[in-house]
């Protein structure tokens, strides 16, 4: 429970309305009930507050005529998160220890304050760092090395020899270290290439649900420190992903490609194999990359080219059917001109 | 076992051949053996029956010269399903109760006639409605609220606070309620946004295998009643999917977008964030949506535009290389005309 | 441990340097330490060896001035795999038998030398062939028929009646046999079609992590012998995939389509429903297929057309904005010509 006055102090904002308004929860505009604080960053959302049961709102300074008591502050979302953390504190992570319904190899090394839920499987020679949580059904095959304060969510699978840094989250049903898709092909079919490598994930990385990262052929497939992969991302064998990348959902990167630092890829981007993407490159949704790309630029389309060039092509393309008609008219116009000129010439010659 | 006469009565059709033919099973044309009933909706498939071991077939009324005994009826597929249900009744869903090899929290509430298979995990404060089945390895973290007659298939994962309506199916390895892909980015990297929301799925929904639906930031990500999501669909945080949508495989919808009712998206469609798609809109396969789209229309392409406009562009595009050649010829023709005209002028002036 | 001389004998190569060099491990150039053998297939990588700690390298015959001891040989990768298998032999697959922490139905038939890990689930009437391994958390619902020497990796799910041939690998979190996405749609919503079929996978197939293959409506969805599916591939109900196909990551094939033998699809390809793709057809990344495609050809783009035609269109498209400008200039030029001609005519007439 907080009063509006306490809230304004916490977020450094200006109260408009009764400072004694009592707030017991946080909610979106649509879901708010009496006693809830909500938030609005633009006038349109503020207008919706008239029909909301919220008792108060955090709003941007430029908002006028807020229909409920409000606190005006600069970064509304950040402020709201702060209050939310006050009013809905995360249930303290109870360290339940290693469940006797989990399977933990005798040769595994488990740190302090580690939680292993029922149904989890930890194979031979694995190491689990302090404060790490292994959720139900998560499976670590032999010799995985897991850092401290890591969360491996339910039913995620780490194949043998996977390495994971500190404070990294691996979400449910992600698969790390499955076989790379490399074959020696002949008339009789396809023979799987060597699968002697592994996957190495840095510190502070997030790996989304149902994301797959294949092992290297001989060495490692690597995800750099601080890189965040959304759900259903696919990283091929031997790829080297730099630090602090943001790879949105359903991105696919083929084998042996590498990215610099702070690279951003929007949803459903595809990158060919053996390519290099420079630092801070940004790739628009559904881009298809067939060549190396320099950093510090934005690319769009398939094939991916500089965004400004691609948008010019999109614009020209949209007018293409009309241009075809105009072109046909022009051809006829020119033909008529030629006829006139020829008949003039003939007339003159006559 | 059914005679052809009994079958014709069940489906309301006309027998061509021996009404006493005995049918013991149902199969496709390719897989049928003696005693099996199969079906054919067009003449091409009917011709294949000559090489099939099927004893009889359900066929459309317009079929002529069916090589095996047949029953002609209007809706062949529907009729075949009906007979299939007679001859291959689904194994009665045995209520095996709560397996002692499952983990069910003492604080969970489990309804009547609930089946919980070995290896399933049901967390603190969860509620499971009557007649619901939780398959092996399925995992419900704390405070999930599940309706009646729900099926949660093997190894599906529901993060905390997920709500699921009645008669909804969540297929194997789907992940509901993982963290949203929202970050506060700076020079030092990316800080995960608040993850205080949850996912709410209505009644009679189907969620496909390996589909992922992220939780809301503060409020809910919502899937409306009767909406069907195919495999490997991705729904971002805070999305509001309307009722009776059909979202085909590998569709991805970015954060905070919403759809109306009866929206259809074909495979691999991508929708940007914070967009709205109107009721009954239809999106062709691989469409990429960057703007709000009005309902009751069909859209194609990336960027997605009205289907008829896109198909005109496709047609014009196909002729573009030829048009470039014609254009170059036209440029030369015009230049020659200009030269002729100029030399005429000069000649006249002379 | 091997000497360089022994290595050259094993791979049939030519030693450049000290034949007594002792090799104890294999590694990539970047990861190599003293005692390691590495490999380089081109001059650029060979140059990197100067900064590597590797003691020797396998190199292509055309490499000059290799900075470390080397063995020149024809197929470097193949040779390196051979030596890797000598020096890093796979841990012998220990047959641990059927874990008492697994759930195996009394009516299941389990062959010789089968391994079933803790947490695996094997339903009623399943059959498991000799030498097969079922990893932790893998789930086989009733009546699955699994061949010999098969690996079903952790948390993979096989719905009822799935058939799998010999020596096939099904990777982690793959889902085989979930419901097909077929509905009978009306004003009140969508009614699920019959789900009486199953999935049949041939011998020597690989099914990638998080790949989904839906069951047939009445008959089977089939994956031919030797076909390899990468991660996150989606195969719709009733599809018939031929032999020795290579389907890269995130490919999606809609219901009832079929492919010939040795078909190759690069990443993120989408195939519509009820289509046929001929033998040895190759589809470029992100292709979208709307029509049947003949075999022995390469296709690119959405809609997918012959590669050479598509690349011509890509080239023309790139010049489209410039062409629009030229076109406008040409229109003005022609108009001016017409004006001149008309004024000449008028002058003459005067």
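Here are a few things to note about the model shown:
As written, the chain order gives the labels A, B and C, with residue 1 at the start of each chain.
In this text, contacts are C-beta pairs under 8 Å (C-beta built on N, C-alpha and C of every residue); 3 or more make two chains touch, one makes a residue touch a chain.
In this text the structure is predicted, and so the values were computed from the model without any measurement.
With angles rounded to a multiple of 5, the C-alpha fit of chain B against chain C returns 120 degrees of rotation. In a homomeric contact, the two copies may use the same or different surfaces; for chain A and chain C, under half of the interface residue numbers are shared, pointing to different surfaces.
Centroids built from CA atoms put chain C at 23 Å from chain A.
Chain contacts: chain A has residues 119, 137, 155, 173, 210, 232, 250, 268, 286, 317, 320, 323, 327, 330, 334, 337, 341, 344 touching two or more partner chains. On chain C, the positions that touch chain B within their shared complex are 103, 119, 121, 137, 139, 141-142, 155, 157, 159, 173, 175, 178-179, 181, 183-185, 189-190, 192-194, 196-197, 210, 212, 214, 216, 218-220, 232, 234, 236, 250, 252, 254, 268, 270, 272, 286, 288, 290, 302-303, 305, 309, 312-313, 315-317, 319-320, 323, 326-327, 330, 333-334, 337, 340-341, 344. For chain C in complex with chain A, the touching residues are 26-28, 30-31, 77-78, 80-81, 84-85, 88, 91, 101, 117-119, 135-137, 153-155, 169, 171-173, 204, 206, 208-210, 226, 228, 230-232, 243-244, 246, 248-250, 267-268, 285-286, 314, 317-318, 320-321, 323-324, 327, 330-331, 334, 337-338, 341, 344-345.
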